Structure formats: structure tokens, C-alpha cells
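Paired with chain B in one complex and with chain C in the other, chain A is shared by the two complexes that follow.
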Partner chain A sequence: MQSNAALEYDYTVAKLFTYTTILFGILGMTVGVLIAAQLAFPELNYLIGEYGTFSRLRPIHTDTVIFGFMLSGIWASYYYLSQRVLKVSMAESKFLMFIGKLHFWLYFVGALVAVISLLLGISSSKEYAEFEWPIDIVIVLVWVLWGVSMFGLIGIRREKSLYISMWYFVATFLGVAMLYLFNNMAIPTYFASGGIGSIMNSVSMYSGTNDALVQWWYGHNAVAFVFTVPIIAMIYYFLPKESGQAIYSYKLSLLSFWGLMFVYLWAGSHHLIYSTVPDWMQTMGSIFSIILILPSWGSAINMLLTMKGEWNQLTENPIIKLLVLASTFYMLSTIEGPIQSIKSVNAIAHFTDWIPGHVHDGVLGWVGFMTFAGLLHMAPRMFKREIYSKKLIELQFWLQTTGIVLYFTSMWIAGITQGMMWRAVDEYGNLMYSFIDTVAALHPYWVIRTLAGVLFLSGVFIFAYNMIKTITSSKELAQEPKNQSPMAA
Partner chain B sequence: MFHWLEKNPFFFAVGVFVVIAFAGLIEILPNFAEASRPVVNLKPYTVLEMAGKNIYKNENCITCHSQLIRPFKSETDRYGQVSLSGEYVYDRPFLWGSRRIGPDLHRVGNYRSTDWHENHMLDPKSVVPQSIMPAYPYMFTKTTDIDTAYAEALTVKKVFATPYDAPNGTKLGTLDEGRAAALEEAKAIAADMKNKDVKDAVARGEIPQIVALIAYLNRLK
Partner chain C sequence: MISLVDAQGYAKIIMTVVLVIILYGYILHLYRSEKKGERDYEKYGKMALDDDITSVPVEKNPNLPQKKEGEK
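Let's look at the complex of A and B:
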């Protein structure tokens, strides 16, 4: 393989993760629409007995979307682009192929077991880390396998210099490993008590305020290292590839990368403003959240400026449209978060719907669009067929964009409404509303939010159909497309 | 320097790790000794309360209910005294929640009774007509896992030196003693309830989940 001929890359593992991205996307978001509807129409809590209540399903929604849909999309992209930027094929090492496949299958089985455990009502009640200790061990193994896979490939690379995307993948690996391990430190009570009770139960190593600190150091930064860092890795590869444009500025990417790494971890305590956590930590959380605008916008602006002089592509190529709007939603979300971290704003926003509103403009607009764009870019190259339909991508794009806008606007209004009602007092200084008044007031917004979810989910189904058609029956390609992905009208 | 790092993945990874680990060292570790002191007269959970806490945990009640009263007049008027760090010392995990779809519960034991919870858990709308909370009828028939709760209490006693069996504290004793104490406590709660299945079960020596959950909710003060 020392000739100048192009390398033949092996996409076996990338394809497997592509399938689970679609599968978990549909599963997680369908549950999401259901629980959104449950708030507006509580009768929907009783569809499948005890297994269908909001409280059982909500962690299934969040975890399936984060660790199912997003992580699959991240790993599909990783197994596709790491070979290309390192200039080495996975097929060159039998060992790495084996590790890659093992990584996928252990992940897939682990994910199914995790969903079932939540459905059965086994939960540690730590948000986005609800899994009990046996599943945590599987998750750690999966993560180690990815590490072996990645550093193994880096070890046999031909291109000595790591491309920007690889910086972000390495950071994802290290960041999540550190956060997940520390946050899930727990002692299984069965063993500690000498064999009494359930084997699944465990008790957290940290208590009360300390547990809250560790949890939100994790919770916030799981967002950083799953919703942000690897997604930036993806856009740094897919945007220049799809558009044929070079990254606008290397210096800006350096500043953004190291800035993001240093600043992000401090901001976790903004989830604990006005709690029993010491005041200085809350203030640090606020301040660093504001500083965080710099590296976040640094990356986003770098992406938008990469398109300088080529904005016509926005009208011609729906994948570029997804990528550019993803960057734009990233900017929206990373200015909104810091605003919510300001103490006086947080006093109103905390505990309200504004928070899920903020999360969703980030995850639907930024992570979702980036994942769809990445998969659409990879499909013609992995399956050697053109994309089945450009019209369907356009339709998906508009349905989902409308859905996202409806989602966050309704949640902004709902959140601020409820926050203001909780603190409203009459002329004598007494509270004006009972708690249930503030719940009843949200009904119309919850209906709109459900509708928004239905729109976005329809887009996911259209995407799934488009992908399946592309994989199975679209026109075959004689050679690999260079930049713009070929697609039938 | 950056060009060099990009060609040397090992040192690159070390560099990234140092930069991301920094914040945790400075922001999180120093608080550990400080915040773990209990407020005066705080007692560890009884076995039955612990079992109730585990139901609260496993059913993810935190998805809708907070246990954190913030220092605002509007919150102390509505829910009671502001929450203190020392009140959470025996909470593993912490159960503050992040979204109030329902009201805060940190001091719910001050203003709701066994009877109110019984009606509310079986049919929330019978107590709060506009309620959107799901009913939990299966908690009236499913039996509580007392052994696991005992195992948890024993674990925190052994590993974290939680003061069980200390003077004026909560008695834990052996597994049989723990079971018996839980049943006694359950009987006192069932006496205030009207559901016949629950009363019969407790008379037989079985403790339905609802009884343990109410024991836990009544303790939140």
C-alpha cells in the first residue's frame, strides 16, 4: 500500500453504527413525542400499565437519544472519517477490525439491556446516568474498546499530523471517561451487606450537596463531550468535504479547541445556582458560562466563514443547508445557555420549561442536523450509490426546522410564564397562584410542543426512508464523489 | 508547540486531560469535607423510609418533583424554610431534580398527611382536579423490597459510618430486627389508611410499596 493509489477504506463498522443511529433515533424520538403528549393529555400515561408513565419513560427518551442516536451517529462518523484523516484503512489490521466489531456489538446489546432496565423501574435517579452498576460496567467496557480502537488506528497512521476532527474525538474519549467514572462511583449494596436484597441496587459514593456537585459536573459536561465536542469533530470534516472549501482559519480552530477544553468544565455549577452549593462555585459557574461564548462562537464562526464566497451552495445543496443551519443553531444555543446562567435570569428560568427548550434547540438543531448531514454525506461513499431523493431532504429540512422553531418558542413562553407565576404576589404580598394554576396555564404550550415533536419526528421518518432507499435501490456510482454528494431529484 | 502536539498523540492526550481535569480539582474537591456535616438532630433513614426513598428513586420521581427550596420569599412562602446543605447528608443519591412539573417536595411532610397521599397516589384528580400526574395504583399491590433497603442501610453504616445504632439515632440491628421494625412502622401508617388491600397485606406481614413511599414522604420536613 505504499503506492499513490487511493486507499480502499473499510466501512463495516461505520455502516453498523449508521443503522443504529436511525433505529435509536426513531425509538428515542417517538418516546419523546409520547411524553410530550402526556403532559398535555395525561390519559396517555396509562397505555402500557406501569411501564408507560412519564416518570419511567422520560429517562428512556433522554438516554436513547443521547447514548443511542447521538452516540451511534458520532461513532458512525468516527469509523468513517478517522480512516480518511489518518490515511489508513481498518482492513489493514485484523485486530482493529475485531475490536471495532466487538465495540459495536457490545454497545448494541448493552443499549438494549439498559433500555429494558429503565422500563422495569431500575434507576439510580442521576440524570443521564440512570443505569445501575452492572450496566455501568458494560458502558465502561464499550468506552475502553473505543479507546483501543482509536489509539490503535492512530498508532498505525500514515498521516503524522492529527486533523482537527481527531483532536475533538480524542477529547471526547478522555472527557467522557473521566466524567462517567467519577459520577457513577457507587457501592453495590448486595455485596457490601454480605448478600442481602437485590443485586442491582447500589448506593452513591457521594451524598447530598456533594453528589449534586459531581452529578452536574457530569451532567453539564456530558452535554459538552457528547453534544458538542464530537459534533464539532464531525462538522470540521463534513463541511469542508461537502462544500469543497478549506477551513477558514487554523488559528481560530486552535483557540476554539483549547478554549473549549479549559472553560467548559467550570460551567457545570450553573445548574446549581441558588442551591446549597457554596456561593463562589455558583458564581464561577456563571462567569465561565459567559466566557464559554468565545470558544463556542469561535467554532461556529469558523464554519460559517468557511462558506465565504460560496453561499450559492446553500440554495443548491440541501446537505450544506443542514450543515449551515446546524452551526447557526449552535450559535443560538450557546448564547442562550450563558444568558440562563446569569443569576437573576436563572432565578426565573431554573425548574421551568425554558431549560428543556434550551436543550432542544441545541440537540435538535445542532446535533440532529449535523448527524443527518453527516449520514447523508457518508451514504454515497459507503454504499456507492447516489442519495435516493433530494426532494425528500428538502421536505425533511423544512418540516424539522419548523418543528424546532415551534419547540423552542413555545418552551420559552411556557418557561417564563411559569417562572413569573410562581413568584407573582398580590397587593398584600401574598402569592397569587397556587401551584396547579401554573401547571394549567401551560397546557396550550404543551400542545404546541407536542406538535413540534410530531413535525420533527416525521422528518426523521422521511430521513430513514431516504436512507433505506439509498442503501438498497438507488443508482449505483462508478466512482467516489469528490465533494458535493450526488443525489437524484 | 501546537504543531508538535498534533504530531504526538500521547502528549496531545495528556495535554487535553490536564486542561479538562483542572476545573474539577479546583471546583469540586474542596467542598467535600465542608458540606458533609449534618444539621443538628438529623437522623438516618429508618429501613421503611429507606425503602420508600428507593421507590422514589427507581420511579424517577425527580423528573417532575424537586427537593430544593431556593432562598426566595416566593419559595419559602410556598414550600417552607429554605433548604440547608446539612439536611441532605444522608441522601445518596441527592434527589433535587431539575424541573418542577409538579411542586417541590422537600418539606411535604409538614403539610400533607398519610390520608392525602393515599388518595392522591391512587387518583391524583380526586384531590387536585387539574392534576396531570399519573396515578400509581400498582404501588398499592406490589410488595416493598425491605431487604434491599436494609442492605443499603447496612452498607452506608459500614462504609460511610452513617450513625445507625448510635445513641438517640436510628436503630438498625440485625436483618430480622430491621424487618420487624419496618413492619411495626408500616402498621402505624396503615392504621391511618383506608384501602382494604393495603390493610390486609400489612396484617399478613407484607408491606405494599405505597406504605413505604408514604413513610418517606412523611419524613420530608
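Let's look at the complex of A and C:
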């Protein structure tokens, strides 16, 4: 490198992950809308033979939005902000540049193969861990590459201390590595059966209750270490930077970090209340879930207080609007989850529509808004152009907020109705309703949920259009914006 | 004899108590070291705000190879 050339941050890898965030977001949420429609109108199951059935498409939805949209957004943010808070450019190390690009390409190819395998019905049937073992091996490699990339960059940093976002990224790396390895221990049925089974299809190394426990220890902590921890990493950077306000209390951010790490790992058994796991474990799952409110709200309140004295920005800057609503939805879902973990509430909530309702106020409001805000903040800096349209962000914001509210309110009503109908008995103790009675009662809410999905998805398309226009044809910027992202009206 | 499941339960409670003590100890440590003027945690918030490649680090990494500093 020329020694007199000014050193700049290198966003090559962050840009690549930005593109896949948009791509997988559209793909995963289009499938989400389709399966929502299928629940309301079952005829839609038979559009394209076996490939279009709910059972095939549901894991494609969940895995594409989680490991496609969300993870791409996390990595786009990581490759962008890690350089900045460590004050070192990836361009300073050819090795790290190479690893970063390899990380992306292996991930991208792996993700495509994974989607195709699910479409073909190749699945280990464990929720969020459906991929069969060859894909698991690719995932492990991708993860290791991220680790090399991250610790490599940390190794050559100029800033001595790690900014709080980096703590959360490191925790994501370690947490997922441990969870994923343990939960995906499996043996191809070919070997397990002495030659009759298949090489591709595998069975878990755990059985019965143990398998359920390991699965939900994983499943819930996937929520922790993919849906929460790295998203907090993002908001701790993007909100202060976009608003120009330092984190309200850095100490509180450290405390919430350790609180979250300590409590989250023990809450998973709330997925198994009234099952065959030991009673104390169920009770502890409930208790730890309640305690989880503290570190969760610790982070969220810290974010809201960061805006102290600057609330006018909420009306002036739609990116701030997305960020503030993201922390608000985070508060909503982290109070709702603990409530659902209380044994008596869980008796009504479990297996009902209230659960996907809860999931989606978190993923749409918290993860979705945070991801959109992050990408919008990065775009002018990565592509050196102003954001194409402020009006379009506003439009997206309102369409999606309406979508989210319709989604969770319809699922609340549907879920509680469902739970009550299932347990209703007449004076002789006979069940009052059969299953199909509940289906008929819930139909209107499933239609509303589909509509909610259409609204949210329209917002995603508007966002994609806005991003593409920003990248290709928006006004060029002479210098990097300091805080508020520049945008054309 | 207590069963294995019960033993696990007790082990978990003991571990929880120990971790709670550690966590509270950490809170005390944070606030105390700031009160005594040994550390200033809030200055780390600046790392996100002032994050150009040419910005002066809040605390310079002492392990950085000498050459890199020269390059800058």
C-alpha cells in the first residue's frame, strides 16, 4: 500500500452482507406471508405440489429470516462498526480481508444450499436446527471464519478497550458456537442402523426428554444469542452515533451485559413447562425468565435515556424513529415473554397463536427495525451517497408499524381464544369444543395476520427500493456525515 | 440418599447464589472504582461517537506493533 494514501475503513465485506440482508429479507418474508395465508386459506397449500406445503415452507421461512436476513444484517453491521470502534481498517491486513471475503462467500453458498435442502424436505426436524449434518459442517466453518476475522481485527486494534458492542459480538460468537455444536450432535441413520438407513438423514445423539432439553436450551438461546445479543450490539452503536449522544450510562451497559449472560442461559426450560423434564427445572425456567426482565429493560431504558433532551430528533429523523421503536418493541417482548413463562399463564399460552404473536413483536419490531435502521445509517457512509428518500422511510415506518400492531394484537386475541376453548369443559367435565371449532373461531384473526404480513412486506420492498436507489443514483456526498444521516426529502 | 435430579437442583441453587454474589460484587466494583477516581467508565461511550480512522483513541492499545503507529 502507498504510505501516503489516506487510510480509510474498508467496507467491502459489510456491503456484501448488506446485499444479502435485503435479498434474504424479501425471500424469507414473502414465504412468511405465504404461510400466513395458508393458515387462513388451506387451499393455498397445493399450488406447487409438495414444495408448496406449509410443512416445507415453515422452516424455510424461519431459517431464511433468522439465518439469512437477521444474520446478514448482524454481519453487515459487524464488518462496518467493528473497524470503527476498534479504529483499525480491514485494509490494513490482507489476511483479514481475505478471511472476511471467504466468510461471506462460504456463508452465501451455504445459505443457498440450505434453503434448497429444506425445499427438498431434507431436514433433521429440530426447530431452527433443521439443517442436516453436511450443512452443519459448513455452518461451523463459517462460524470459525467469523471468529478468526473478529479476533484477528481485535488483535491489531488501535483502541485499547473494547466498546460495549464488541462485547456483545464476542458473546454472540462464543454463545452460538457452544449451543450449535451441542445441539447438532447427530449420527446418520445409515450408521445408527447398521446399513439400512440413509447417509444424509441423521438422528440426534440425545433421546427423549434429554433431546427436548438440549433442543430448547439451544432454541431459546438462539433467541438470546442471535435475536438479542448482537442486536443490542447494533443499537449500542447506531443509536448513539445517529443521534450524536453518548450512551446514557456506560456502566449500566456493562451491568446489563453480565446480567444477560448470567440469566439467559437458564431460561430455556420455559419452553418445556408441563412436560417430562424435572419439576425444579421448569420452575427455575419460569423464575429466570422473570428475572430476565431486569437486564433486558436495563439495556432498553439505557437506550431511551440516551435520547434525553433530544426527543425532537424523533420527529425530525425517521432513522431515530426506527431505533426508538426498536427499543420499545424490545421492552414489549421482554415483558411479554416472562409473562408467558409463568406456569399458570403458560397453561393457556402454550401451543397457541399467542406464541408466534410474541415472536413477531420481537422479530418485526425489534430485530426488523434495528436492521433497517442500521442499514440506512451505514448506506451513506459505505456508498458515499445520501439516502434516496426520507418520505419513503416514513412510509415504510408507518406501513410496518401498522403491520406489527395488527400482527400481535390479532395473535393475542387468537391465542387466548384458542387456549380458553381448548380447556373449556361443561358441567360434566366434557370438553366443550372440538379442534375444528377453534379453527373456525380463529379464521378471522389469521386473515388479519396475513394482511399484517402484506403491510410489513410492502415496507420491506419500499426499503429495498430506497436502498437500491441510494446505492446507485442518489446525490454523492463530499464528506462523511458525522451523526444524522443525510437524506433527500 | 438424595436422587441425582435433586442433587442437580441443589447444585443449581448454590451456583445461582454464588453468581448473584459475583454480579453484585461487580456492581460495587464499578461504582466504587469510579468514586475513588481510579476509572472513568463513561468516557468509553465516546468510542462510538468519535470513530474516524484518524480520531485519537480513548485509550491507546499499548500492544500495538511500533510500525503501525508510524504508518498512521
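The working rule: the second predicted complex is superposed on the first by the 474 of 489 C-alpha atoms of A that agree within 3 Å, B and C clash if a C-alpha of one lies under 4 Å from a C-alpha of the other, contacts with A are read in each partner's own complex, and residues count from 1 in each chain.
The rule we apply is simple: a contact is a pair of C-beta atoms (placed from the backbone, for glycine too) under 8 Å apart; a residue touches a chain by one contact, two chains touch by 3 or more.
Owing to the predicted nature of the structure, the values given are computational and were not obtained by experimental measurement.
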| item | value |
| --- | --- |
| Superposed partners chain B and chain C on chain A - clash or fit | fit |
| Which superposed partner A:457 touches (first chain B, second chain C, both, neither) | neither |
| Partner chain in contact with A:254 - chain B first, chain C second, else both or neither | both |
| Superposition-derived comparison: chain B or chain C, residues of chain A touched | B |
| Which of chain B and chain C A:87 touches, first, second, both or neither | second |
| Touching partner for A:203 - first (chain B), second (chain C), both, neither | first |
| Which of chain B and chain C A:236 touches, first, second, both or neither | second |
| Which of chain B and chain C A:124 touches, first, second, both or neither | first |
| First, second, both or neither for A:399, with chain B first and chain C second | neither |
| First, second, both or neither for A:161, with chain B first and chain C second | both |
| Which superposed partner A:244 touches (first chain B, second chain C, both, neither) | second |
| Minimum C-alpha separation between chain B and chain C after superposing on chain A, in Å | 5 |
| Contact residues of chain A, present in both the chain B and the chain C interface | 160-161, 254, 258, 262, 278, 281, 284 |
| Chain C residues touching chain A - in the complex, by the definition given at the top | 5-6, 8-9, 12, 19, 23, 26-27, 30-31, 34, 41-49, 51-55, 57-62, 64, 68, 71-72 |
| Residue numbers on chain A that touch chain B, as the complex places them | 38-39, 42, 45-46, 49-50, 53-56, 58-59, 121-127, 130, 151, 154, 160-162, 167, 170-171, 174-175, 178, 182, 187, 189-190, 192-193, 196-198, 201, 203-215, 217, 254, 258, 261-262, 264-266, 268-269, 271, 274-278, 281, 284, 288, 347, 350-353, 355-356, 422-423, 425, 430-431, 435-436, 439-440 |
| Complex contact set, residues of chain A against chain C | 3, 7-9, 83-85, 87-89, 92, 156-161, 163-165, 236-237, 240-241, 244, 246-247, 249-251, 254-255, 258-259, 262, 278, 280-281, 284, 480, 483 |
| Complex interface listing, chain B residues touching chain A | 2-3, 6-7, 9, 12-13, 16-17, 19-24, 27-28, 31-32, 34-36, 54, 56-64, 66, 68, 70-72, 74-75, 77-78, 83-85, 87-103, 128, 130-136, 138, 145, 147-152, 154-156, 158-160, 175 |
